[in-house]
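Here chain A shows up in two complexes: once beside chain B, once beside chain C.
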Partner chain A sequence: MNILLCCAAGMSTSLLVQRMEQAAQEKGIVARIWAVSAGEVKQHIGQADVLLLGPQVRYKLAEMKKEGDARGIPVDVIQALDYGTLNGKNVLEFAMGLKK
Partner chain B sequence: MGGFITFLENRVMPVAGRIAEQKHLQAIRDGIILTLPLLIIGSLFLIIGFLPIPGYNDFMSSVFGENWLTKLLYPVNATFDIMALIVSFGVAYRLAEKYKVDPLSAGAISVAAFLLATPYKTMFTPEGASAAVEVGGVIPVALMGSQGLFVAMLLAIISTEIYRKIIQKNIVITMPAGVPPAVSRSFVALIPAFVVLLVVWLLRILLENTSFESIHNIVSDLLAVPLNALGGSLIGAIIAVLLVHMLWAVGLHGAAIVGGVLGPIWLSLMDQNRAAFQADPNGELPNVITQQFFDLWIYAGGSGATLALVVLMLMRARSQQMKNIGRLSIAPGLFNINEPVTFGMPIVMNPLLIIPFILAPVVLVIISYFAMSTGLVAKPSGVAVPWTTPLIISGYLATGGKISGMVLQAFNFIVSLIIYYPFFRMWDKKKLAEEQGSAAQNSDRTLTM
Partner chain C sequence: MEMKPNCFYVYRHFPLTIGGDEMKRVDLIFQKLMELGPQARVSASDLANMLGLSRANVSSDLNLLWKEQKIEKVVGRPTLFHVKPTGDSRYQVETALDRLAKTNKSLQTQIEQAKAAVLYPPRGMHCLILGETGVGKSVFAGWIHEFAVDIGRLSPEAPFVVFNCADYANNPQLLISQLFGVKKGAYTGAEQDRRGLVEKADGGILFLDEVHRLPAEGQEIFFTFMDKGTFRRVGETEVERSAQVQIISATTENPESSLLKTFIRRIPMIIKLPSLVERGIEERYHITMSFFREEAFRLGREIHVSASAIHAFLSYHCPNNIGQLHTDIQLTCARAYADFISAGKKQLRVSVQDLPHHVKQGLLYAKEMRPALEELFGTDHKSFVVQPQAENILVVRDREDSADSVYEKIEQKIAELRDQGVSEEELEFDIENYFTPFIKGVHQRINKEDMRRIIDPVIIRLVEEIVRYAESRLGKVLSQKVIFGLALHIQTSRERLSHGKQIVHPHVNNVRIKYKKEFAVALECVRMIEEALLMDLPIGEAGYLTMFFVLDDEEVEEKREMIGILVITHGSGGATAMADVTNRLLVTQYARAIDLPLEVDSSLILERAIEVAREIGGSAGLLLLVDMGSLLGFGEVIERELGIPVRVIPMVSTPHVIEATRKAMLGHTLEDVYRDVVSMGHGLVEFQQREQPLQSMPALAIVAACLSGEGSALFLKKMLESKLRYDESLLEFVPLQLIDKSEARKQLKAIKEGRKVLCVVSNYMLDKDLRCFGMDDVVTGEALQDIQQMIDQEEALYKMEGELREHLKMDSVETLLRDVMTCVARMEERLHRKLDFDTRIGVYLHICCMVDRLKKGAQTTMYTGKEQYLTAHKKEYSLVRHEMQPIVEKYEVAVRDDDLCYIMNFFVV
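Now for the complex of A and B:
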């Protein structure tokens, strides 16, 4: 499972990446999770199964959805409180739910 | 305060979203990002060149020879001084990408258009002469840097718009069947490139007959100078900071949205300081407001100057929740990343905490502006210190090694601590009451069971 995260500079989402990797390991799920800035999404989305946006860049959802729809990749915004508390487990479950 | 949030959500947010998504502004923002790694590397050489150590200059001269500084600053000439050239390519590339036309051709055409707009001459004062003479046959370095920034952005947009319109209307030279596709592709850019260069050429000829004399002069007089004056003023800075934090109040990345529009202005103000600093590291610098002014003196810990708030949570919180958020936030906070605070505490959509979140940065802008404009504290030297650099270190580096830059950061930290304190207390109390309330409820339940 390949999960791509994106925010303005790819900085704060990279904090979440670590937490999600931990959560995946605990569950025994093999997942590649990585974070990029909004400008870099186009170069990375081809390798992803799911694209998640930080809530602070949710104004980009329409544009990113277009990119995702063209490739059949679900795109959504991470819930604000899960994002703020770096709840890797919830966000991982959210990503896996989107994929189904 | 609840009404204020509704107003932000319904009125400000959609407009901000539309501005942030505007194709040309996005291309400008993404194109300018291309220069940032270069500027940071150039800054490294600048810092080494002007280390504020007594006797440093003499020491370096004795080891590396008289011209050590000139040689050391070669990379600065190849980074800061060609900023506009890189932007010219980068903006066109990113815009063409959005239109799904060949970005490489668009970038190349844009650079040609930018240079076509630039007269190949410079003023030079020969040794012993009193007046400068015009020298032909050179690309003027001055116009390749921040001075040429606005021309580069404008022509990148104009040339790419012409390019993609012609391609999309399919006005291209088609080769007969049997010609290898690679060969016929190379002809595709011919007509649009010709039209772009024709337009810029005519514009240049036309302007040479006016008092403006060149495209660079007209853009500078009508656009760059007024915009820089506005963006470099105290009022401009306060409005920018208000907008950034009002957007964050509803959970949108205000700094990215506002910076996307005002970034080019702050970048060229920064480079004006850099040029002055390079000429004389102890001389008067022209601008207070630059990109680093906001990143390093206002946004300590992230937008809202939240490092002070994180420290309060760590040291003074009584509720478990605030203790946790404090622990979670301190490491990223030292590098000026604060999403755990804004979304976790949360500040976003929180009528109580939005007050200090907006108030603190505005107060810091006013304090820092006056501290720097009166000469009490050194102005940012134009060294492009990345926004993730921790407090105190960043203030030292960004002023070109002046202690006063660190002192102001420390002072601002204390000011934001005082502003946040009462609001932090109220919120922590509320959280503690909630925790005790639910704990009491739980123990009630065990009793009845």
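Now for the complex of A and C:
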């Protein structure tokens, strides 16, 4: 499964990526998880199964949803608590839940 | 002839400093002759003796110098030599600075510095004069110019141009054109070429006052001019002009501030002028007398000044230094003069009645000064007669608003009133109020300005009225300390009452019996306050007011019993400024301060803090007022180190320091002062309490209160524990007994000390700063969701810190998150955009990661459309950049515009 994360400059989500990869490994899930800046989403969204936004770019949700809808990809904002505490496990579960 | 040993003192040293140690013998001899001055006639053997050289060598060098026409020779036996007088005949005359040095011993160093600055080849050295308001910076600059003329370094026509940067600080364009001139057509309105002040000062001195106000736009141009002596008029591109100007700048600011730092790099000579207090009593006497002489000279008649009046002038609190002393003396003479002509008296007398109120208060301190005063002029002086002779008057450049006109105005006014048939008694009008506008910079009540910063003007006026009334009824002068204390007291009382808090004076009855007269006055004052503020006051208030009137007489008993007040804050100057304002207002030196500049290691500061604590702490203990961070832990260390009780007030602001100092000076105990200051509350305190070590107890708490502290509180505690999701290592529920509300508040404060209290569950409002849920709401479950959310948010911040510590390989992760929080809070405030909790968490993480990445040297992704975005949001850009600055400096990262754009995005939607 391919999970694309997006935040302002792709910096803070990359930390989360590590955590999610770790969680995926533990669960034995094969996933490709990567982070980009908001501006780069268009180039990457084609390869993703799901797009998650950092809470600080929540204001881009509408815009991103449009992109996602066009391709049938679910888009949502990561829970602030999970994001702030870099809870890879929860975010991974959240992403999987969206996909279904 | 009389020698002036000081006159060319600098010559002895300064060629060595610029020419190294290898000075040629012939130069040494020439220098010695210069030093002796053109009037001294010396023989070769005299000189040989003075310099420890052989006579033969000296003799041949002298002849060499003579052949080079550098010196003159008087043929005789023995042949005598002397230097030529320079073109200016005043060369041998005592210079302005020498006259100044005579009566102002404390300025010795500064005068030497000034001379060196003028004499430095080839055209003098730029200098910066530092000193408090009114110490005489501009006057000193004037003297430097005069000196340069006196010794012939400048021609008598050489300009002395004064420019006050503050006048144009808000209009950099205008400032630059004022300084450097304008080319015709440079902008609308520039109808002809105009010279700037720099050109006008060519060949002379430009005095830049309040140089710290030089706006950024002007700095670069000005620095170029200082470095190279070249400049362009505004609008000029082809010509590069040059001017030879010695720059003397002046500032009241701390030279450590950023502008001044760059400035100081270009200014080799820094002259620090002492404050009036630092000048000492003897010099203050000389200065006072010279100002009286100046007035006598202006009036053309003798002035008799009573000894008490002189005592008052020598003792009163004069925060604006010599400038203020000068205007106060002018004011006093004006008043005495009005009295003199209106009453047709034979002598112009200045007695205590003529003094402005705040000067009169000097007599309150004169007691302490008595030994020093007696040493100065004995005990039997009744009055001083000041003669109207120009001699010894240090009249410098006269101010444009000459005091003469004040005297004229008095005469006119009196004549006018007489013509109107006003009687003699009625003529005793209020000179002070009437003439104040004519005398520049008069401060009627010195501290009013300071007071205004923290006290409502309505209350200031009210207190002035009360003081007038009490002074007349009690027949005594109240000190500034009391007046300010009273104002502060009334202001806090009003706040307390308006919040429904009570004021109870525990010993009203004792006070009433012991101080009958004062109590009666106090009752009347209470009525005045009630009328002015439209509120009812409890009788206890009269008890407090009585104490204000009484305490002034009573020296606070024992010094050892008093607690120490120490302020420490991050950044340079913050703590010092708070303590300064406090000390000025309370007329004391009680509050102490230590600044903790960002680049200084806090362990160094801790050592200093312990040192100061040892000095001021004593057995009564120490109140430490700090802002945040590691400083919160200082109290414990000091307590351990010195074995004295220490209490710590976090998030300090000036009102805290004032209140603490005032109470401490009245001899209140540490606990009392601490409680009082804490009860004043503070603004944004969100995260500071977390600094406390987490070891023993959870950092977060929710308080449940009921009457017994055992019944429903315990029930609530259990219920919350079972219904809420939370981390036990982070949060605990604390039951509280409510039977005595003030006791409960006290306990709540104690709970708040070590940790952050999220909210209170109680049917009574215990703390207006805390969110309070009613018991019903909790029991019915309505409030649970809100409480859960609060818990989640707080815990998230906590855990975030832990996570970041693990991920970011930085030494200072703990402080990073906190700094970022502060920074974001400020941006929210400045950009008027409140972020919701979720977004804020994301933003925190974003900025922390950004700092981490930049620290590792990684590049940020380019921000697409950066230029356009920046142009569209200039204001936001500069605000965000400004607020990021502390982080940039502390973590030494180069934040680029791309980074800023991303951050701006969060706030500009």
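Following the convention adopted for this analysis, the second predicted complex is superposed on the first by the 100 of 100 C-alpha atoms of A that agree within 3 Å, B and C clash if a C-alpha of one lies under 4 Å from a C-alpha of the other, contacts with A are read in each partner's own complex, and residues count from 1 in each chain.
One rule holds for everything that comes next: a contact is a pair of C-beta atoms (placed from the backbone, for glycine too) under 8 Å apart; a residue touches a chain by one contact, two chains touch by 3 or more.
Here the structure is a predicted model, which means the values were calculated and not measured.
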| item | value |
| --- | --- |
| Clash or fit (per the criteria above) of chain B with chain C on chain A | clash |
| Touching partner for A:42 - first (chain B), second (chain C), both, neither | first |
| Partner chain in contact with A:99 - chain B first, chain C second, else both or neither | neither |
| First (chain B), second (chain C), both or neither touched by A:81 | both |
| Touching partner for A:63 - first (chain B), second (chain C), both, neither | first |
| Which superposed partner A:27 touches (first chain B, second chain C, both, neither) | neither |
| Which of chain B and chain C A:7 touches, first, second, both or neither | both |
| Overlap of the chain B and chain C footprints on chain A, listed as residue numbers | 7-9, 11-12, 15, 39, 54-59, 80-81, 83-86 |
| Complex interface listing, chain B residues touching chain A | 13, 16-17, 20-21, 29-30, 33, 94, 97, 248, 251-253, 255-257, 324-325, 328, 332, 337, 339-346, 348, 388 |
| Residues of chain C touching chain A in the complex | 792-793, 795-797, 799-800, 803, 807, 837-846, 848-850, 853, 860-861, 863-864, 898-899, 902-903, 905-906, 909 |
| Footprint of chain C on chain A - complex, ascending | 7-12, 14-15, 18, 37, 39-40, 54-59, 77, 79-81, 83-86 |
| Residues of chain A touching chain B in the complex | 7-9, 11-12, 15, 38-39, 42, 54-60, 62-63, 80-81, 83-86 |
